[in-house]
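Look at the two complexes coming up: chain A is in both, with chain B in one and chain C in the other.
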Partner chain A sequence: MVAPDRHKIIRAYAARSFMKQIRSALRLRKDVMKLHLRFAAFALACAAVSDQPTFAQTSSELNNSLITFSYSPPKSAKYLPMMDRLKSFQILEQLSQFLSPLRLPHRLALEVRECGFVNAQFVTWPGADPAWRIELCYEFIQAIERVGPKQGEQSEFTYEDVVVGSVVGVLLHEGGHAVFNMLNVPVFGREEDAADEMSTFIALQFSKDVALTIVRGYSYLAKKWFAFGAPLYSDEHGTGLQRYYNTLCVAYGADPVLFKDFVDKGDLPKHRAANCASEYEQIKLAFKETVLPFVDQNLMKKVQAKEWLKLTPTQVTALRQQQQKQQQTFSFAACNLSSISGVYLALTVRDVSDPQKWQVHGWFPLPDEGCNYIGTFYGDKLFYFAFSGNNVWSAPDTDRTASKQCVDTVHAFDEAAGDKCKPGQVAVNFRRWVIGPAETGFTLKLHD
Partner chain B sequence: MRRIITAAAVAFVLAYPTVHAIEVKAQVAPALPNSRIEIAYVQPTNRSYQPIYDRLKKRQVLEELQRFLTPLRLSRKLSMKVDQCGATTSPYKSQGPVTICYELIDQIEKIAANVDASLRSSAIAGAFIMVVLHEVSHAVFEIQQVPVWGRMEDAADRLAALVMLQFDEVLALRTIFGTTIFFNASDKTWTGSDFADVSSPEEQRYYNYLCIAYGGAPITFQGLVTPDQNGQQTLPRHRAARCASEYRQVLKAFNLRIMPFVDPNSLVTVRSMQWLLPTDIK
Partner chain C sequence: MKAWKSAAVILASLGAAFAGSSHAQQKQNPTFELAMCNLSDFQGMFVALRHKRDVQKWAVDGWYAIPDGGCTLIGSFLRDTIYYVAESNDGGHWTAADTDKTAAEECVDPDKTFRRASGGSCAADQISARFRLITVPANLSRLTFTLTGRK
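This part shows the complex of A and B:
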């Protein structure tokens, strides 16, 4: 999803090497047993003989003996409630059932685990068992929960729609990578776009509710998170906005009535919308030619007939409580890494104690070539201004995102933002800084 | 995009003195033109394009393309033409034709005017071939009903880049060099709904071509990952690490889905010929 840091993954696996050593002695026996059982058509019994008790399989008729799943207990206690929520929603059970009609050539593991980084990924790891894995990190889900619409925020989508839709969309995206890899699917375009197409295409093969939930959730994620920051054109992923428009386009191309709003509201420009039917047909053809031969049609019909992604009232309540808990705060530190000494900083921020009001605070002294923790503030952005003698760090007049505020040139001050300047104060341009959706804090670094 | 990559791009071409040393004509029998491909040079109404029309016709550019595409067994006829479009591109639509616009060739020549004189003809020929291969890729996808995962425009770029890499390294260097010069000249800044376009930003396309080139020929294109004095690579590390698998992915797709429509014997003939000799592109 987000480019994974290979070294981090390697480190994460190294930490689990002890477990692997224990498993390796049993692996051969297990594989032989599993094969034997498959041939004896007792696939459902697999989970019972597994030496790896954390991995399980669904026991419904929508079962694929090659797909196992596990909710690995997190090392950090803070993710324990999340594990319980995911288990209660049966997210991996649902995904494994979604994927059950696929005739896969290898075993595939679905795992939620604490990764030490924010990501969801399809990986092939020769040392792991099974080697083909879709991994969803608790950290990634936490980031999604933070990105979701805040309580009281005007949003066309509900919090639960965004969280459920985007998590499932991400899992289907990784499922797309798994299918391309395991089935040796020819991919002419960029694989990351192809995986997005697969995710949206699959979402559209179910009920209208499922299609709406996943398309809304995934497009929300692309726009609010992936599109954050300057586009990185050298990346193998498309830019966030490209992915946003691609998702809307595939959905609109498949069902121009259900997704009419995308065009009516101007989310999807008309010049692109005109091309979407043929883009959807392109994906449909690719799916039919390269993936459908590996799909068990009877099982697929059963999967399509089932009701998916329905939240019970208890689950909705749990998610809404989660929304309430979302700390709309961030911690903030500032460093003076310049060659200038005696730098002072002023901030325009919303205080946690009074989140509705913007306040201008000054002055926070910064140590030469060092950092100071400044505090915890509300929201997702702040404005800063720093100076030392004649040196200033401020926004240029041309910067439309800047905020002009009054600062006291001599004394410490604490004023409501937007007030007229008092005697001894001057108006200066504060530079805006927006916190990344997956960040809980940030450090401002002042350079020459 | 106007990034400072031109120097690096030029450096990897200059690293190969053979580029300018080859003066021998191909010794193998020339391939027969593909009879399923019809060609036309449409006389431009705008007089300023007349010299381009004359040059292309005299140089028999489309005839050469017909020979280049000999191995392709298309299930129906494809027409290719150079024409005045009223815009720089006339994107391929179902049932064709493939149209190369005088406006685009004019633009390529203007861009190449800023390139070192000794490399100018390589830049023009390379960019021209990129544009032609991109459009022909669209036609092949449509005519042969090739299943395409990923955005169609990027798929056409990746297939074009793959084809560029299937000949000798001089041709690979020239075509990739021309491609980088072409995209590097774009000064468009993409914002907001620009990203809704079916085409990808020039800078993204630039990296896609470089990645396939480096992935397919890491020794020839080693210069792309050689750090400059600031430690920066033309192709950043995070992307370069994935290029070998990106190349293999397109090659696999080609072998599975296009190779069945390619005559292997005439492919050998075409690959054994020398294309784009220095004498040709003067």
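This part shows the complex of A and C:
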């Protein structure tokens, strides 16, 4: 175990670290998933930024000199192919053209970078140039690629629809935050709801294909990913399912013919659908009163006339190759953060080598106050049981998600799940853990 | 956690070995797998490694992202030693002390992915860092190394 040598670092590290902490502390951050809202500190606006990437602009007629973009090289080698892929898709070039009709009072940077966390966010960064930024993390794209329908999976959405539509929907959501902030747009209600509405509203101002792709992609994301797990009612975002229904409702309200399927298939309940036209009109009025005065109408017509989100065969192939790489597997590690030493763990899992069978494996030793990376398993869930002496981590008898399995309390064992207990074995309740749809791995932490 | 009322268990025979057929140890294997975990208070952690390329040569590369509060398998490396430095987005650093005679000084590119041979002078975008030594026990086929630290 090691602790950071925070007082014995070389000068270059220290200077760069200081800049990172400023960068981290000074952000006004409105992100698509998380909770953070940090008010920028004006006093540090003079901080020089030395590690800024170079920003470019589009050269097309859909050019707004105040909007720049950058594909920042990642720190992790694993994201280099993704950077190349995003560049070849010209995702930021397209977004900058998409936003070009906006008459902004400040410069706006669009950046793809490795963040160290999974998110997309609008941030203000005093001292940086530009200070107003929309950041899309490579980690977020990776998560979206993971969430998309797997090869062979029954889904009404194609993988391309989900990846392209949701990424663009997320960027428009962040664009909504940027517009609210830069144009001082007053917002009743939660800004996150308003940003979702702005994203969907903008998508609906283009061709039917664009509208379908973005609405379907963004709603898929909300239902499949944001709605995973227990709803966080205290969040500044709506719950995943609320965001899903709101997106469908705005779309249906705008075009009940194009989005008729949402109601016919029962995705959008009829009682909500009845009022969606009114909801859409309310958003349209808000846009007209607050944002439209800052839109260059001539440029807007050119943007609307352009064909967007049309994938070339090469791009479709690249996306399908990504889909093939998404495996129904997850990595698993476990840590003992309790005060109890000598903890051993047993798992009920599906092994990658034989994914149809559930197996019970034991025992994996967990170092005191440390972790053990155990391996890669199939599916999206596992069951665990741990003990040390008379202390156990197990599911209560009332837990209906638990799995009762036999363990050998003395020796290592490797049995098929569901078998009757053999001599020397006892049945115990394994606790269930379900892996999130965007997660590639899971680390179990055992506490007192 | 709760008390287990069943008969006392004895697992001394297992020692520190991993159980399960797919995780059996292979003492003769010249390589080992390295997994790293971030149990520190710091977030957005990245690790760079100095590892053997062959019997005589070393390579230095980075960065490998370690999930906040979690673990990741980094890869397979030649045993028996490997060196690391780590840093986090919120200012944490894990480097060897100046007094650490087991440390190795190498160049790293602090802002983007890099791969280089050991030694030599640093390129324009690179800085020098003191890597910490990890010795891999001979009986382990997979080492899980946990980074800790409080803010």
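Note that in this section the second predicted complex is superposed on the first by the 305 of 448 C-alpha atoms of A that agree within 3 Å, B and C clash if a C-alpha of one lies under 4 Å from a C-alpha of the other, contacts with A are read in each partner's own complex, and residues count from 1 in each chain.
Going forward, a residue touches a chain if its C-beta (ideal position, glycine included) is under 8 Å from a C-beta of that chain, and two chains touch if they have at least 3 such contacts.
It should be emphasised that the depicted structure is a prediction, and the values quoted were computed from it without experimental measurement.
Undergrad: By the touch definition at the top of the document, which applies to A:Y378: first (chain B), second (chain C), both, or neither?
TA: Touch partners of A:Y378: none, neither chain B nor chain C.
Undergrad: State whether A:F188 touches chain B only (first), chain C only (second), both chains, or neither.
TA: A:F188 contacts chain B only, not chain C.
Undergrad: With both structures placed on chain A, which of the two partners, chain B or chain C, ends up touching more residues of chain A?
TA: Result: the larger residue contact count on chain A belongs to C.
Undergrad: Regarding the shared-chain residue A:W132, is it in contact with chain B (first), chain C (second), both, or neither?
TA: After superposition on chain A, A:W132 lies in contact with neither partner.
Undergrad: After superposition on the shared chain, which partner residues are touched by A:C115: those of chain B (first), chain C (second), both, or neither?
TA: So A:C115 only meets chain C here.
Undergrad: Check whether A:S76 is in contact with chain B, with chain C, with both or with neither, and answer first, second, both or neither.
TA: A:S76 sits against chain C, while chain B stays out of touch.
Undergrad: Touch test for A:F262: chain B only (first), chain C only (second), both, or neither?
TA: neither
Undergrad: Both chain B and chain C touch chain A; at which residues?
TA: The overlap between the chain B and chain C interfaces on chain A comprises residues 3, 6.
Undergrad: For the complex, give me every residue of chain A touching chain B.
TA: That would be residues 3, 6, 180, 184-191, 193-194, 197-198, 231, 233-236, 238-239, 241-242, 244-246, 249, 268-269, 271-272, 275, 279, 282-283, 285-286, 288-290 of chain A.
Undergrad: Using the touch definition from the top, list the residues of chain A that touch chain C in their complex.
TA: 1-6, 8-10, 12-13, 16-18, 20-21, 24, 51, 73-77, 79-80, 114-117, 139, 331, 333, 335, 337-338, 340, 344, 351, 353, 361-365, 367, 369-376, 387, 389-394, 409-414, 426, 441-443, 445-448
Undergrad: Okay, in this complex, where on chain C does chain A touch?
TA: 1-11, 13-14, 16-23, 33, 35, 37, 39-40, 42-46, 61-65, 67-73, 86-98, 110-113, 115, 127-130, 132, 142, 144, 146-150
Undergrad: Which stretch or stretches of chain B touch chain A in the complex?
TA: 1, 141, 145-152, 154-155, 158-159, 190, 192-193, 195-198, 200-201, 203-204, 206-208, 235-236, 238-239, 241-242, 246, 249-250, 252-253, 256-257
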